[in-house]
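Each chain carries a letter (A, B, C, D and E) given by its place in the written order, and its residues are counted from 1.
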């Protein structure tokens, strides 16, 4: 281990140290605010540390780690999302009874797992990262253990995630048997000279798709999504939708591009099929959904369907489009779940669309945030979602993925319908239910989200520049 | 810069109106009115300063936006867009005035949406960057959706969905086409840009041209609308509040027509020529089918909505005739239809404000109590059936003449639409104004405000009917440019084809 | 002088605008006098202009004035410009003069009506449009006037809007004429695209230069223009609207549906005579239609009960005569008959209006009777009108005008015996139904008592018109009776002279026949409807009587052939079948949603099963590919 | 040697089948332990003695004991009838078909496996240890964090609210 | 030296894996389901051991050790959750746990 190694690992070190320190602090003096403050500081520190790594990249700590611009970019996104989730969690957790500080510890371990996925260059790190992330998520999902729904969501996620991990693992094993290496870069070299991929390898990739498809909630491995989103605490749902998916996407893109999956016809077709199915199933399921958390879950299925189109372009530009899409999707989803978690009380999770009826006339600003988020998800201009979709379609068309682009178009329209349903109910005549007041922290978070959506929607050039400059595999 | 300011003023006015809505109900109205008047006056002052309309852009503003994709902020004004802007601001003012009493809830937000829609429309009329164009094209949907969805009538939600989904679906197809054009141009020249002027000369094969054009067509034909893509329109028009119906009919539909003239014809000269017969058939079907449905309706607003379908059929008929007569007719039709159908919607709104029904079977005998309204209704029904002396006649005459030049049969069939128009227009009058009055209604004739609106509309429509020349003069250079652009290419193409076939035959010979 | 021409249509228009804009502030009387006065001034102007023009003839054939450029697009240009020649002069004169009389009459007639201001506004608008029609220099402006009068006709038929039937009648009139108009505008398109101009004179010159007589384009154009003329002039097969149009007030019937508007078709054909001469088939067709119409309408008039309907059918029939004349190329005869007809038919309508008004809206002649004593002034004027209508030999103007037509029907180069016989039969019918009215309504017992006596405002116009109906004919006397051709000389300045076969010496014979026919008609009317009504009892109850009464069943046929299909068409797809496609798409999405939603049943084992199923499908695909 | 492999494999498969189909939880767990032991024999045969030992110690020893502990705690070992009622023989059909399809797919995938010529030799625990604590040291650290998260999670989820009332007095 | 072909070894792992899958799909008792998952993980681990021998590398065995630790954690959390499930739903029947679903 050299100094450079340590330097390039500094975000991970911070993320690993933070939970330990929190644990020690808790054992001495249990205080919610202190833990929260420390968590925020640690994440910020981790983000700041990335700046110091920049000069030394790309840096590979063989065989597990590959710290390059791409991974740092993803880590930054993950950390910022985690920060926003922490902000949103503050109010949500504060109102809960009992022990709450552990939440932050687990949030750190899961964020660590997610960040590790971004730098993973090896099956072992892939596996460990994904398990660190997932195991932490079991706990986070079931965190409100007094609630039936939370526990139910937890056990469902646990069983399904374990099974998918088992598949993932089996697939890794088969690939390992075929080429004798677990390192992505070695696999790439091994594959480069083959005209035809061995069937066993394809079988392995197929099995890995189960694991990855599960994490990304792609059809047919999507069914857990609405249940878990609904049962989990709202900030955790947003965490699953963003950090967890983003991290898995990061490693999946890297893996997929390393094995050049887009060049293999059967993988290509399977991925396209999954993409198309995900779009249709996700959107169709959402159109009559009355529970807004489930609705967002279905929407996330569809969105991931859009996103994996980009895998098939097989170009760096495609990856950039995917990253842009992910960023906007992160912001938007966090905003939407943020609204839900800020409007939820101890007794009542604000998850029925009915409860949002007339929100605009009671809490206009919150409703506007939600409207912007939903419009962004639907891809309407002046929101970031529009530019993101534009970018995605642009790259998809460049690669000539016509069927996928057209099904994306059809689905955008279906999707628009249910986003509009929520918006409509927010703007219709108010009902009488009372809404909790929103803390300053929540307001700041939502304001940040909204401004980002607007800025990225109207003036996205700088971010695209940034991505083009930094997010190269 | 005036062009950007025009939009910015609208946006600023929108925000102000919204915020002031919290203070009281009059302020947003006044602010909106002032905003629109400022824009209108500014534009008129500009118009008066412009000595001659040449075939260059009158104003051309260009800035970078998203460099990576070759997207710029490119606004430009020519005669065509100038006319459309004038119409937009004028009807914008009218729509504020008609909502003065009708809208009493959430006044601030209403006017916010109103101005936002207008900003979107102005943007559409001015954009010369295809991405920017699409941006504005979509932008106007959201506030319109709110306008229908919040202040509309009973089935507003459904109508609002239908409107949004329909236009969004077609818009996305256009978006794909815009991108395809972008790539075709980029691949052949190496310059990836969304700029209209650069894209004008794009070379593409006939089949590619048709495919790309069909995406544009989808969007424009839905907006226009053309049978069988018209179903959003009756619902949206019927359920929207009066101002919404007015803007929909008078302005939003025109963006479709504008798009045809501005984009389809010059960008796809060859493809549009080959599409022309189908386009004309669609136009005729629209004219006749729209009229047929209008005749069958009992809901007044729905009836008027279907007349829009019928009238817009003339527009597409004209656009695909490719000659100056028809194009001037299209321009006049855009304005005249905006005024006349708008006026009819206003009348329908005023009626339902008074008697709380839109069912024409329940109306009747209103002439007795509201002769002024009756007179207005009469004038605009007559306009809608194409009575000479009113603007619509000029429009229909020129379009039919133009169409006659290129396709006699279609033009003759379209003439049947004139008879059909008589049927439904007279039905409105008969059902609403003739007969005996229902005694339960407390019916007042028009107030001063309403009279002012009505009279100003009458003046415009009659002015167009008797002295349309200024409009022709303004629009002429722009239309001629469009036609030249189109004709040049089609001729070139036919020459190319000739050369190609020559070459082929020679090659065959040498084999 | 030229500006005066522009003033002629402008005055009624100004008056119209005044009446509309100040409708709330004007008193009823003032409104009436403004309305009538403007027409009066226009009439005076017409006289001044005509004196000027006539004195300038034949060196200057027309005056022309352009007011402003209407539109100029590409090679299309049309101006708001007027042209006065002898043809338009006659029309102008009739319109303004008869119009003025009718307006004056209306002041009395509409005195009690609440809508008097509206009435005069419409009437003024009508006169203005009609003047534009006849003065227009280009055919587009003709069309403007053409549609304008149509509109006014519509408005005035439905003037008493509270009765829904009136509205229906108005609508019918508008729609039927509109059908003709549409044909006409297509004709105009052809003219413009062939000659590149709308100017009538230019078109006529170019047409005779460029088009070959009998060519199909000329024929088609002529047919299309004829379509417009047939609709407006209520000729077979588009005549059905006119009897219903009697729903309007009587002055309206007098002015629009007798004197002026319905003869616009005659004007149009006369104005574009070059085209028709280039299409001889069409011209022959016009004559045929005229003959057919005059017979059909004559028979129908014979069986009507409603006083105004009789007059309406009579109008159709008389216009049939004019068409007959046009068809045989006797333009001056047609125009002459138009003028005389305007006088006596206006007179008859106005008189009938008085009768109906005084009898409290009683229209049925069989419920009248004995009016001769109750209202002598009306009786005498009505009698003069009827006599003129029946072409009572020598003393009435109608004799000279109709006789000219009958003569030319036979003697014109394109005329023939068949046409003449039709005309003669028509003349007989005319006499019969005219005096049927007289004998039933004015003789015998009084069945309804008049409520009041008509004032001077109403009777003076009657008298004036009666004078014209009697003596108006002396400006044009046939060769056998004085050979005085003041009128046809004037008309022939702008229209071609009729070509005549070499049978002039026999003219007296045919005049004698027609005179006898007219007299016998009158006698038979006396016999059947006064002296011995039993003679025709069986006829009155026969089916053929009923067939005549319903106007030869045209309405029924149209109802079955056109109206019902249209209504059916409108009803059948009220909801728009295309919308069903949308609904089915959205239903498909909803069904998809429901099906997929079943899968989201919350059961973990089911989720696992789909999991396994999914991977089985994927892997099987990958392995077998 | 091969014979041992096959015997162990058959024992493992049969005992696994018994484990997943058993009605009695304790019996199933014991079959599972048997299966794990058989697999550890296979590990040994596959030149991985260290892993064979770990399999016995941790898998069969620690993890399975945890299972048994929970089973006994929840008294589910005694509810054979309930287990019986939960499982319908027909329920085996579809999963078995799916599994056999997947197995056939695997067979297809194995058909043309590339041959590799590498000298086979026993990988000693030392080699594994060196690899673990040099090459994969960071992974070990991560595993440590993972275990810590697991401990905290198990603690958080496992702890129950202190009951104020006796369970018979609880509201249903 | 063991001369069983590597294909057979993989097949053995595959059989175990899919047996685990069958168990998972059939059993309704959560404890059994967790057991089945263990079977699956274990057979996945077996694949790595086979690979390690096949390529004569220690890495596969290292992976197995990590799998082992992950499994241990998973079982710990899983069993803790099962206790919670029992506490909340008074049953271990997964089919009884379906409060979260589409209505």
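As a convention for this text, a residue touches a chain if its C-beta (ideal position, glycine included) is under 8 Å from a C-beta of that chain, and two chains touch if they have at least 3 such contacts.
All values reported here derive from a predicted model rather than from experimental measurement.
Novice: Looking only at C-beta pairs in contact, point me to the busier pair out of A-B and C-E.
Specialist: A-B
Novice: On a CA-centroid basis, which chain has its centre farthest from subunit D's?
Specialist: It is C.
Novice: By Cα centroids, which chain is closest to the centre of the whole protein?
Specialist: Taking the mean of C-alpha atoms per chain, the most central one is B.
Novice: Compute the distance, rounded to whole Å, between the mean C-alpha positions of subunit D and subunit E.
Specialist: 5
Novice: Rounded to the nearest whole Å, what is the centre-to-centre distance of subunit C and subunit D, using the mean of the C-alpha atoms as each centre?
Specialist: Here subunit C and subunit D have centroids separated by 101 Å.
Novice: Where the centres are mean C-alpha positions, what is the separation of subunit A from subunit E, in Å?
Specialist: 26
Novice: Determine the centre-to-centre distance between subunit B and subunit E, using the mean Cα coordinates as centres, and give it in whole Å.
Specialist: That gives a centre separation of 64 Å.
Novice: On subunit E, where are the residues touching two or more other chains?
Specialist: Within subunit E, residues 6, 10, 20-21, 24-25, 28, 34, 50, 54-55, 57, 59, 62, 66, 70, 73-74, 77, 81-82, 84, 94-95, 97-102 contact more than one other chain.
Novice: Residues of subunit A touching 2+ other chains?
Specialist: 124, 128, 131, 135, 138-139, 142, 145, 154-156, 159, 163, 167, 174, 180, 199, 202-203, 226-227, 285, 417
Novice: Can you identify all of the chain pairs that touch?
Specialist: A-B, A-C, A-D, A-E, B-C, C-D, C-E, D-E
Novice: For subunit A, which residues are in contact with subunit C within the complex?
Specialist: Touch residues, subunit A against subunit C: 155-156, 159-160, 163-164, 167, 199, 202-203, 205-207, 209-210, 214, 219-221, 223-224, 226-227, 265-267, 269-270, 280-281, 284-285, 287-288, 414, 417.
Novice: Within the complex, which stretch of subunit B touches subunit C?
Specialist: 162, 227-228, 230-231, 234, 292-293, 295-297, 323-325, 328, 364-365, 367-368, 371, 375, 378, 382, 385, 387-389, 393-394, 397-398, 400-401, 404-405, 411-412, 415-416, 418-419, 422-423, 426-427, 429-430, 433-436, 466-469, 472, 476
Novice: Sort out for me which residues of subunit E touch subunit C in the complex.
Specialist: Its residues touching subunit C are 21, 24-25, 28, 94-95, 97-102.
Novice: Over in the complex, which subunit E residues touch subunit A? Could you list them?
Specialist: 6, 10, 13, 17, 20-21, 24, 30, 33-34, 37, 40-41, 43-45, 47-48, 50-51, 54-55, 57, 59-60, 62-63, 66-67, 70, 73-74, 77-78, 81-82, 84-85, 88-89, 94, 97-103
Novice: Considering the complex alone, what residue numbers of subunit C touch subunit E?
Specialist: Spelled out, the residues of subunit C in touch with subunit E are 597-598, 600-605, 608-609, 612.
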